[in-house]
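Handing you a structure now.
Chain lettering (A, B, C, D and E) follows the sequence in which the chains are written, and residue indices restart at 1 in each chain.
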């Protein structure tokens, strides 16, 4: 979609990423924190696809290099999604285990381990 | 010819042997340990026959490449300086093992520690590769730590940690120094090695430091501090009172050898390897030594515990050794080197006797004694003799060493190497030695018996007398025929002196022993002759 | 007998020592005390005999008067060689004869005196060892061997003073003796070092490396010191410090009075006759150095004179018979140093000899009295003992006359007369000992004259209080303090105690010594025999030393001093103990009290060194060593722990804080990068 | 190629891939076995796992003499470093598995699934170690981590275990978010996920790409620094080490750390050209890491926590070697390999011995819980003493040689400051290592039987391997070094 | 309409993008801001939808679809499911107490954003999308992705299989009843 500068997409990515980071730090509910992490991952995906599309480093002479680099971004995104899925499965599992153990998941109460 | 390796590793083999025995068989464990140590001593006597005092070259030596990538070689050798220290070590180890036959808990571990210590000390006296030396040097730490920590007195934990951390802190910087020295050698010759013979060869020709002169003092102090901590010299001495006071009686006996590793290291490494930095550091080092002499003596006079007195007195005595070594005069260095041995003998017999007292009464505090001369006349006599040797009475070995060391120092001061006042003070240390020793003797033996427990004290048994008696023999031997011990040292001392004071190119080097021997008879060395020296692999 | 057999002289006492040390108690058990005593006396007597023979054989021309017998190497360090070598010359042989001769007598005396003691063998072990080391001191042909003997005798004196070790006071006295001597040795050692350093620098000698052997050192010193006389003063003074320590000169005399804690024979042998004179021997050995330094000589004279006066005064304040004799010894030593300072070295040695005779006699006499009076030493308890102890009385009278230097000039005089004459003469005649023109030597001479008078007075006091007067005093006094050996064999002194004359083994030495003190001086002095024998030719630097001061009628003066002193003394004390010197010391005149307290000097020194030193040491230990030196070490550990605690608190356990930290780290990373990117390139 | 995106099937060097495949398949096999076996008897599984690892280890020999090359579509890089790292990883997980069974049984959590998870996460680490592709680094990292999250929370009855799992998970995901974002920027700048391009692109960089690469690097450093617990991304380490079951901790301390450092090595090597920018940063990080790790460890009372902090400190030591490598590419390789190998031996041994203290479902890991070990099982006590000596760096142990090498590299690249800091820190570290040794070997306690189990064969073999290794690779450094330095 | 801001021409695409991006940002903030976890989740879902749309604008059709299917279809459902499962008032409304670290976090977040933006964005304003020839333009299509995934990227593809296996086993281990 021509006419939109690269900066715009990257900027959006940054905003979302920052929001995610801030969320991780300021929220007490692990599930929400986890969602914020998902938010970060998605902003990353956006960034990947943007860079893939905009190809700022590519030399248009080298077609094969262009193809590789075009696909690299996409692949990365796919694998990120896969990883995210696996992480969600495990992460939510852990959260549930904790919830079973002590009917609360407030992470500010989770500091037996310190010092 | 693997004689030196055998000497070094025989005790370690003994340790393995010990662990084949069951913990329960305490008696046989003790006997095994004793046998091993005696065997080591006998084997080490062979060196005397192989040794040729006529040359300062390293003899009976073994040189095998070990870690070639890092240029670390397994290079053992012996010369006049290390000869007696090796014999002293093996000999005193026998004493240490023999005097700890009364240990009753974890005997196997105890004996293992003693033997490991022996191996480590022998290794560090014999190794001619800086890294190898460092390895053995550090190997003494853990056994000593265990000795203090398991079989020690009430405050053992703290004392043990203090000992280990303090000495480790000193030596780790020596490691940095060692590595940078090896790296310099690498930069100079393109060949990485830590073999002091090769390194000193470069030093002798003035190549090694040629473009690292500003680094030399720092590396020198990296070595010196580590070794001064071990010695111990004045500001670095505070580990030794705790160590002596808390460790079982075999500990101080062996550590009276261990402290020699410090002075030995100074003689072997600090002098020959840093000739350009040396002259500027001498005044500081001598000052430390003299402060050590007086300071140690003063503090020894008011300690409440015999073992602490001994600790501070070693500070004082090692001060004499250092003074002699750093006087950089033949007489002084000879005296210093000889005084090392004397301190080994004297301190050992005193510790042995104090140990007997400890076994009888379970304390070495002065307030628990007094007037026991009446109960233990023989003990008192032996103690008196050891004390006299320790305060340097003529006729005992202590006198010869101190006299020569001080004389050397005086010569150096007379030649304006450093202030004459230092020597005047140092000599006064002899007076103070009399003060604290006599005061100790008075508090232990004179007066009426005050404590009830002391009424029943028994005099030494036959074996105890024998053990102490052997050492007494050496006290008088060293006092009346010191040449027996000093003659073999003389060549090595002279060489070391030349290495550390002569100008580049005029410095002898171990690998060129025979060239130097030739030079002695021919005309004075020209730089060219020195430069043309063939580098031996 | 040939001089090489000098080793025999040394051998006998050493053998005796070994026998006593290892077999003593056994012999005592098997053959009893008399046998052991005999074995103790025999070696000394034998070496006296050998010494005498050697001496007679060494009579001869001055040129071969000094012979060196070498018995192998001792120390070879680099170019310094110190062999076992012994010198046989008039000086050493004089001392050998004194040591062994008087030594033998005193041993004999001791067999009787100590017969009731426990550790009989231990006593004679020490005594024989002492003789041996004293012989090494005088016979050693280099300064290091001299030093060996020097410290050896110090050790024996330490052991013998502390012989009755159960009394802690004795132990303290012993320590004091040893340590004060060590202070002297400090000077002596530095002196040796200076000589070696000097000679090695100005290599003005046949370079056989025997830098400290008299035969090669002294000539080298002569040449070497002419180049820099300042060195001469330095060496001389350092040596004198050593001498002062051994010979109890001010301020190092402190140990000698306390040394009286030892058994009386010890006091007689070590602290009167032999050891304390070794300082004088040293000065005679090294006289070349002193000849070259007028200043040093002046200081020697001055110290000597002051010591003589000081000690003589103190003697008046003493009531303990041995203390009186001790101070008189110090005073007499002062005389000897006056002589050495003035350059009349032979006179010093002469006085050493005569003093050995009469002072030994006096001590032994005093010992006999003490022995008879149940080891009670306070003269205020005595009185009228001539009735019970005739032999002792008469011999001591002779001794007193000898020390008072009584004599008719030109006709006959007791031993002390001739030596003191020579000393004072030498001092008044000399022009050597001076500092910037002040004739310290001559002043010392006049002081000496006065001290001679004082000597007569206090000696008379001693004699009168002890032997004359009435028995009332010890008849009705309670038991006084004693040495407590356990199972005290001495029946305490009390009202119905009857002193008995001592046994032959004890009075025979008295008689012999008495004869020597009467005739010794006359024999040795006639025709200047002693001087000719000791210094056959003039001094190398000062040349001829005259002992006849012109235009001073010295003989007259000294006779007046001696006789006058005695008469004065009799006037005071003939009728016994004066009221104002009795038990109630509050009645004493302040001067006398001050004298009793050595004018507060000893106390001051004790406070300064022992107590002050103790405080300093404690401060150093508690505050500096534990507080700072070790404090830094321990502090490092504590600080690390503190940092650890801070980090521990930082490790809060809150996930969100950890995340925050990560973010912080990241932000600072990119902050730095932003900075760099802006900054560089 | 006629049409776009018709890529050919990439050629695959099976020799290079084989070890990874074997481990992965072993995992699957054990998983299957676990499903069909009766519970509470995992010895067969253990056997299979060990066997598989050994086979994989041997498979590594097949690529010994090969040159360096990239395969599987350039996503897999085979070289000496990678091979060495795989050996260390295999060793680490083998040691973990060896002593796990008895421990899990005592702790009453004998999950059979544990073993496949260990093996798979080892696969993840191996993937990280053998690639220069950021994609594979990310994937490997996630494979490693996800299974670690699970294992950390394995002891479900323990709040501590669960808490550590959650901490590890949330922070780990957070960190990998940064890693990804960093990768994204590097990708944006270079147009490729392969690190080999980084250098080339950097050499003709533009105003746009320069900051992208630097910031991308910074973000990746967070991701990898988290895994290798560099300050200030280390704070999870002590908590998680303490909370997780001891054998899992051992696994984290060895395998996951080694993997992370392998990846870090790859990245920093690629970014060496722009060293002038980041070397100062990492120098500071290294210094902080050493000091924080050691100082904080001084005041700890819990053994696992102490070892956690010590692993932070050791990360700092390794970083020095990495920096040396970045400054001079000829240096550092050997050092990193050797140090990580020795560190694996020491740490695995230490944790294995600490796991003795678990009995009947209870586990006390305070220092005083080790008291009397010398009475209960002397060999373990001696082994612990050796491990501690090695961690301190007392010769002649592997730890000493490792430190020696690091000093050497630091001095050869003129990093005197780092050398001195390292020296200071080894002094500080002495104190707490000695505390552990003292508790186990010196202090006595009568009721040690109630707290400690006796040696089990698995544990004994771990101790033997570690002690033998610690002395062996030190005394026979030359052969070992030549072996690992082989092509 | 061709006026421009800061050298960037205002095009309809840009306006459209602006709208979507604004919405996405609001949703993202919503995720963080809402106290109620469910609301956060719903915001996230919307956000993902909008992202999917943006993927389409970047010609990554395949991934846009995958995004919808995987994220909104699978992952978010899982989230909501868990939230419901553990649903309690207490949990869903964990009231945020005001504590410094919160504000510090926000501050640092902003700091990070500012730094990143100031370092990266300015140079990227001028960069515009490469014009791709029609062949290349199909890079986002299923064919291209399929081919790539099963040729060049087969190795990571297998690796991911292990990862998913771990996910399964792990969640079983964490969830199954105690033995």
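Going forward, contacts are C-beta pairs under 8 Å (C-beta built on N, C-alpha and C of every residue); 3 or more make two chains touch, one makes a residue touch a chain.
Note that the structure is a prediction, hence the values are computed from the model and not measured.
Trainee: Among all the other chains, which ones are in touch with both chain A and chain B?
Mentor: C, D
Trainee: If you average the C-alpha positions per chain, which one ends up nearest the average over all of them?
Mentor: Centre-most chain by C-alpha means: B.
Trainee: Once you count every C-beta pair in contact for both, which comes out on top, C-E or B-C?
Mentor: Result of the comparison of C-E and B-C: B-C.
Trainee: Which chain's centre, taken as the mean of its Cα atoms, is farthest from the centre of chain C?
Mentor: E
Trainee: Report, in whole Å, the distance between the mean C-alpha point of chain A and the mean C-alpha point of chain E.
Mentor: 6
Trainee: I'd like to verify one number: the distance from the centre of chain A to the centre of chain C, where each centre is the average of its C-alpha atoms, in whole angstrom.
Mentor: So the centroids are 98 Å from each other.
Trainee: Approximately how many whole Å separate the CA-defined centres of chain B and chain D?
Mentor: Centre separation, chain B to chain D: 43 Å.
Trainee: Please tell me the distance, in whole Å, between the geometric centres of chain A and chain D computed from their C-alpha atoms.
Mentor: Distance between chain centres: 26 Å.
Trainee: Please output the residue numbers of chain E that touch at least 2 other chains, ranges allowed.
Mentor: 101, 105, 108-109, 112, 116, 119-120, 124, 127, 136, 139, 144, 148, 152-153, 156, 160, 163, 166-167, 170, 174
Trainee: Could you check chain C for residues that touch two or more other chains and list them?
Mentor: If we look for residues of chain C contacting two or more partner chains, we find 637, 648, 651, 653-657, 659-660, 663-664, 666, 670, 673-674, 677.
Trainee: Can you list the chain B residues in contact with two or more other chains?
Mentor: Where chain B meets two or more other chains at a single residue, that happens at 165.
Trainee: Strictly by the criterion at the top, what is the full list of touching chain pairs?
Mentor: Touching chain pairs, listed by label, come out as A-C, A-D, A-E, B-C, B-D, C-D, C-E, D-E.
Trainee: If we count contacts the way the header does, which residues on chain E are in touch with chain D in the complex?
Mentor: 116, 119-120, 123-124, 127, 135-136, 138-139, 143-144, 147-148, 151-156, 159-160, 162-163, 165-167, 169-170, 172-174, 178-179
Trainee: What part of chain B is in contact with chain D in the complex they form?
Mentor: Per the touch definition, chain B meets chain D at residues 66-70, 106, 131, 134-135, 138-139, 141-142, 145-146, 149-150, 157, 161, 164-165, 168-169, 172-173, 175-176, 179-180, 183.
Trainee: Can you tell me which positions in chain B touch chain C when the two form their complex?
Mentor: 162, 165-166, 235, 237-239, 295, 298-299, 301-303, 329-331, 334-335, 371, 373-374, 388, 393-395, 399-400, 403-404, 406-407, 410-411, 414, 423-424, 427-428, 430-431, 434-435, 438-439, 442, 445-448, 480-483, 486-487, 490, 494
Trainee: Would you pull the chain D residues touching chain E in the complex into a rising list?
Mentor: 3-10, 12, 17, 24, 27-28, 31, 39-40, 72-73, 75-76, 110-111, 113, 116-117, 120-121, 123-124, 127, 135-136, 139-140, 142-143, 146-147, 149-150, 153-154, 156-157, 185, 206-208, 211-212, 215
Trainee: Once bound in the complex, which stretches of chain E touch chain A?
Mentor: Touch list, chain E to chain A: 8-9, 11-14, 17-18, 21, 24-25, 28-29, 31-32, 37, 40-41, 44, 47-48, 51, 54-55, 57-60, 62-63, 66-67, 70-71, 74-75, 78-79, 82-83, 85-86, 90-91, 94, 96, 101-102, 105-106, 108-110, 112-113, 116-117, 120-122, 124-131, 136, 139-140, 144-145, 148-149, 152-153, 156, 160, 163-164, 166-168, 170-171, 174-175.
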